[in-house]
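Before anything else, here is the set of structures, which you'll find just below.
Presented sequentially are two complexes of chain A, the first with chain B as partner and the second with chain C.
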Partner chain A sequence: MKNFYDFKVDNIKGLSAQEKEFRNKELDLFIKNGFPNKREEAWKFTDLNTILSKNFVNITNDYISLKEKKLELIKEFDHNYLFVLDGKLVSNDFKFEDKNKVLIKEYDYKKQISVSNQNSLNLLNNALATGGYCLEISKDYKFNKPLVVYNHFSESIKEQIISYKNSLILNENSELTILNYTNTNSKNNFFVNSFDYLKLKKDSNLKNIFTNKDRCNCYFHNYFKSDLEQNANFDNYILSTGLKFNKIDIEINLNEEHAKSSIFSALSLDSKEHQEIKSSINHNFKNCQSYQKIKNVLNDQSKGVYQGKIFVKQEAQKTDAYQLSKALLLNDNAEFDAKPELEIYADDVKCSHGSTSGSIDLNLIHYLRSRGIPEKEAYQILINGFLSEILEKLPEDNLKKFLIKKIGRQINGY
Partner chain B sequence: MKTEDLKNTQEYKYGFSTDVENIRAPKGLNEDTIKFISKIKKEPKWMLEWRLKAFNRLKILKEPDWQKPKYPKINYQDLYYYSAPKSVSEKPKSLDEIDPKILETYKKLGIPLDEQKKLNGIAVDAVFDSVSVATTFKDELTKKGIIFCSISEAIQKHPDLVKKYLGSVIPLSDHYFATLNSAVFTDGSFVYIPPNTKCPMELSTYFRINASETGQFERTLIIADKGSYVSYLEGCTAPMRDENQLHAANVELVALDDAEIKYSTVQNWYPGDENGVGGIYNFVTKRGACRGKNSKISWTQVETGSAITWKYPSCILQGDNSVGEFYSIAITNNHQKADTGTKMIHLGKNTKSKIISKGISAGKADNMYRGLVEIKNKASNSRNYTQCDSLLMGNKCGAHTIPYIKNNNSTSTIEHEATTTKINEEQLYYCNQRGLDQEEAVSLIVNGFCKDVLQQLPMEFAVEAQKLVAISLEGSVG
Partner chain C sequence: MLNIKNLEAKVDNKHILNGLNLNIKPGEVHAIMGPNGSGKSTLANILSGKNGYETKGEINFDGQNLSELSTEERAQKGIFLAFQYPLEIPGVNTNVFLRTSLNSIRKARSEKELDTLSFLKLVKEKSSELGIDEKFLSRQLNVGFSGGEKKKNEILQMKILQPKLAILDETDSGLDIDALRIVADGVNSYKNKYNAFLIITHYQRLLDYIKPDFIHVLSKGKIVKTGNAELGVELEKTGYANFT
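After this line comes the complex of A and B, so read on.
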């Protein structure tokens, strides 16, 4: 069979000979494996190779961003922003912050961060990534307002792969809330394969939120690798729906004592959307905590996947790890797959996981209807109730209102 | 592989095990071996053809490598595929003389076999290496129309039943070890319960690996016809040797309309010594099909032995309203590794399944629950409940849980929960305070932890299993 992709390192301009060699090597490794399929444990429920081959004719990496799009800012709440167009950093604005405390520049590909070779998409990212940003927050600096990263994708992208890397460093005792806001309403198909590296130093605190503006016909794979130092706190909120295919792969390494991490997700999917959250939480040191709560509402022919892994090293005593995934299936063509995994080598730990999936309780619908609420509304009330547990946890009032409104729009239909 | 016995083997020497002269097929896995087995079993032609088909399939299959417990490569050409005591026909028919090792184990457990026999009158089929040596209570069962015999006998006497059901749950081409078994299986039990019959006694099989350098490949086939009920027990032991022996069995269960099969296992193969030398590789495929409406299959297992256990007793819930259950205790100590769990595949409407799994890990052992619950599109109003708890004793062992959960039906519900903890120190303290020593206290708490599963065992097994739990964990605390 003819390949449905054609990637060339030569399409990337301005590489040194050494870089070229490295990238070509990574690309060769990728080509040897191809896009992942169900035979890979990390892709057990998703055959990406088949999905892409069905929806693409020939994916290439020769896209050059043509013109800058005008940025429409979110008006609901004050914020700083980064404007990223097709993976390239275009502009930034930190008007609410002390500019000396924030260091922003384009990602430096000369300093490669080693990535595990297990994941063939990371190999591909190593080979093809261009653009991206590098953000560093100074010691003891706490952001006044959240930072919104506007991830724009041009409407002219079609049958392309967009690869980039970002890095974010929070120095000691710094604090930041970041909203990853994907904005594209492109009807064209394209594939985004990104890699983010996050470093949270001692006592730092990061809240990382994912959402998107509109529906679109694109395929996303975002890999987040994070290292946490002592007492660092890392919270993730995944609220992105409306994307044709989205896999968020989060790797959290709790490397020092009292590091804490959490992943919350509230998703309401319909049509043929495919959303996948894969987490691997590595408890590498004693007295760390992790918490995961994933809630999916699935309609139409959508598919939700959750693959969560908690790994506890032998020396990571007194670990407290929790994992819960819940799904509501509203249609027989919808599917929810879960693999909540525990791998534990320390004995003095408290680890548990739970997973449920099922339908809406018809007695509850009956109760609401008997009080004069129309059926459609009754469903919406219950779905809202189901997801609100997660939404309540969102930080910052104005931001929270904005996100809840957005989720409401998803539940009630675009 | 060495055949040199450990010094402990002394105590088994009087046993039946060492005194018996064996007939063996020549070493190696090839067509001649399969023909030899088929010939010595006086099998009809179709059976030989079936075996050869499996063997041809085997040639293109690869040994699986995805499972967590890794093991050194097995040299399949260096094994005996058939080994039988020379004078099978002269063997005494009574249970007492079958295997002193079993007797002795039971003595250690405090239940002499006589007493057990008196308890309920259990019909036993004893499989020694590659052949069935004795089947008890045959006459009584025949009166009811129940067929309980070795599979070799069934192939000759009831070919229609065997032809119809053999390989219908575990197909020839399933996976490497199942296919290997299909090619070279030597004996095992066959049970057929006629319609509307409740089997009056527990049926039981004792498997015993005796000869060295031998793989045991037994095949069990249980068919419960419409409206029937059977409870089947399985026990296994092996002598202590410093070589690893392979045990690759296939067990197929078929439950037709309104039938129920209860299958209980106490697996106590030799686990190897405290340094991880020797022991059995227990790679078993067990699968049941709830083919009829309202049928039920229940698996209960207590896994304490084997160097590596790797098995997933599964239920395919085809019939509407069918029920699958899986209760498991897996205990690993020293260097043992267990990768066990179940598969519940819901195909019919209103199907239910329940999984209770308790894993206990001590010493340097690894204990893993791996399971699949899949509710297919058409299985409306189905339900699954899964609970898997792990207990860790000491900080050199591991406990892992890998559940695969797939729900494709909006009216069906899946619930899964799992916890991993160590023994509660307050509970230990409480027990110590009341005069129990550390080991007694641990045994008490562990038995409490396993209670949900132990309750499912038939009475004869429950007492035994409880003591086995304590013995398996001997020396793991303190």
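After this line comes the complex of A and C, so read on.
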């Protein structure tokens, strides 16, 4: 059978012989495995290989970003920004910050962070990634305003894979809120396969939010690997909607005492959207905490997947780990799959997990309608209510308002 | 105002109402009493437009055939049901719910929607009449409310939405004496010659505070006796044995 992709390391310019060798080796490994399918535990509910083969004729990696699109900034709240076009860092603006405390440059592939795991998409990323950024925040520096990373994708990309890596280092006692803001309204199909490495040093605090501006037809796979030192705090908020396919794979390593992490998600999906969250929370040290709460509203033929794994090492005593996923199904054709996984080797831990899914309680709809509220609005009120528990937790007032309004638009129809 | 003729209702092929007739005029307070399973709550549910009932017969409200109206249209035309078991809605703020509800009704009547300030003023006034703490209104709708608080919240909704016909489905159940008095005062202060009440209850207790013009005894889906306020006192003594 003819493959639906044709990837070449030679399409990447300016590589040293050593880099080429490394990348070709990774590419060979990828080709041996191919795109993941349901045989892989991490893709238990999704046959990506089939999905891509049905939607692409021949994916290549020879796209050259041509035009520099004018960046349209979010007006609703003050922010710093990075402008990333088709995976390449184009410009940055840290006007609300002390610029001496922020180091921003293009990602340095010569100092590549090796990712040795079985994930074939990470192998592919190792082989093909170009562009991306590297951001480092100085010790004791706390950002005044959030940072928006505008991830723009050109409308001319078609049948292409875009691969890049980013890295973020928060030095001791620094603090930052990032909004990862994907922006493309492309009707074309393309695949984005990115890898982010985050290092949170002692006492640092990162809030990491995911959302996107418009609906689009592209396929996203983002892998986030993070290492947390003592007393570091890492909160994630996943609010992406309107994407044809999106998988966010989060690996959090709680490596020192009192490190803390959370994943909150409020998703409202419709049409044939497919969204996956996969988490691996590794409690590698005693007295660490992790919390996950995932809420999905699924309409039409959409599909939501949550695979949450909590791993507790033998020495990670007094671990406190929690995960819960809840889905609200608005249509018989919508689907929610959840796989909570606990792997615990310590004997003095508090770990809990749960998963529920159900449809809207028609008695509640009747109650609202009996107060004069039209049926459609009654549904919207209940959906908003279902997600509000997560939305209430969003940081920064103006940013929060912006995001709640955005989710509201999705719930109430564009 | 409300005219029910020969109303029959079935759920899953089980007959619940068997030819019920009832006529309510503006300014009147009607009470419906009856043993468990006599169809009291079914009547309330049908009037509010709840799905799941197969009905026959006629229900007219202000000259309109009620069966042609959706639940929300009935509310917009002035029918209000105080629920026997008010529902908890997590994530929905009580104040926001009240305002959405009031403005939906006003919008349907082509009246100007209330802005936040005028709404809050209204809510403050009505809730203090019922002795409801304002803090309580910023909580999630009925979530973690006590039985009494839920029932008071229903009466607050009634006072804010100002219906023509208020149906109180066992609003007295689960209330202590103080709460019962507050609820009754709420009803009495709202009562006037333009609106009407249909009070569904098991006990005479509530009727000590809200004086009905008519008491109907419902049994096996039919009104089997109608009397004045004295009938309630009599039922309290004799029970429903004579009617089953």
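Throughout what follows, the second predicted complex is superposed on the first by the 414 of 414 C-alpha atoms of A that agree within 3 Å, B and C clash if a C-alpha of one lies under 4 Å from a C-alpha of the other, contacts with A are read in each partner's own complex, and residues count from 1 in each chain.
Definition applied: contacts are C-beta pairs under 8 Å (C-beta built on N, C-alpha and C of every residue); 3 or more make two chains touch, one makes a residue touch a chain.
Just so it is clear, the structure is predicted and the values come from calculations on it, not from any experiment.
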Contacts of A:Q314 with chain B and chain C, given as first, second, both or neither: first
Residue contacts with chain A in the superposition, chain B compared against chain C: B
Chain B versus chain C as contact partner of A:D397, first or second or both or neither: neither
Partner chain(s) touched by A:E41 [first = chain B, second = chain C, both, neither]: first
Touching partner for A:R371 - first (chain B), second (chain C), both, neither: second
Which of chain B and chain C A:N363 touches, first, second, both or neither: second
Which of chain B and chain C A:D348 touches, first, second, both or neither: first
Which superposed partner A:D337 touches (first chain B, second chain C, both, neither): first
First (chain B), second (chain C), both or neither touched by A:F386: second
Complex contacts: residues of chain A adjacent to chain C: 361-364, 366-375, 377-378, 381-382, 384-389
Residues of chain B defined as touching chain A within the complex: 66, 377, 380, 390, 392-422
Chain A partner contacts - residues on chain C that touch it in the complex: 48-51, 70-72, 74-76, 80-81, 83, 86-87, 89-92, 97, 100-102, 104-105, 108, 140, 157, 161
Contacting residues of chain A [partner chain B, same complex]: 41, 44-45, 314, 317, 327, 329-359
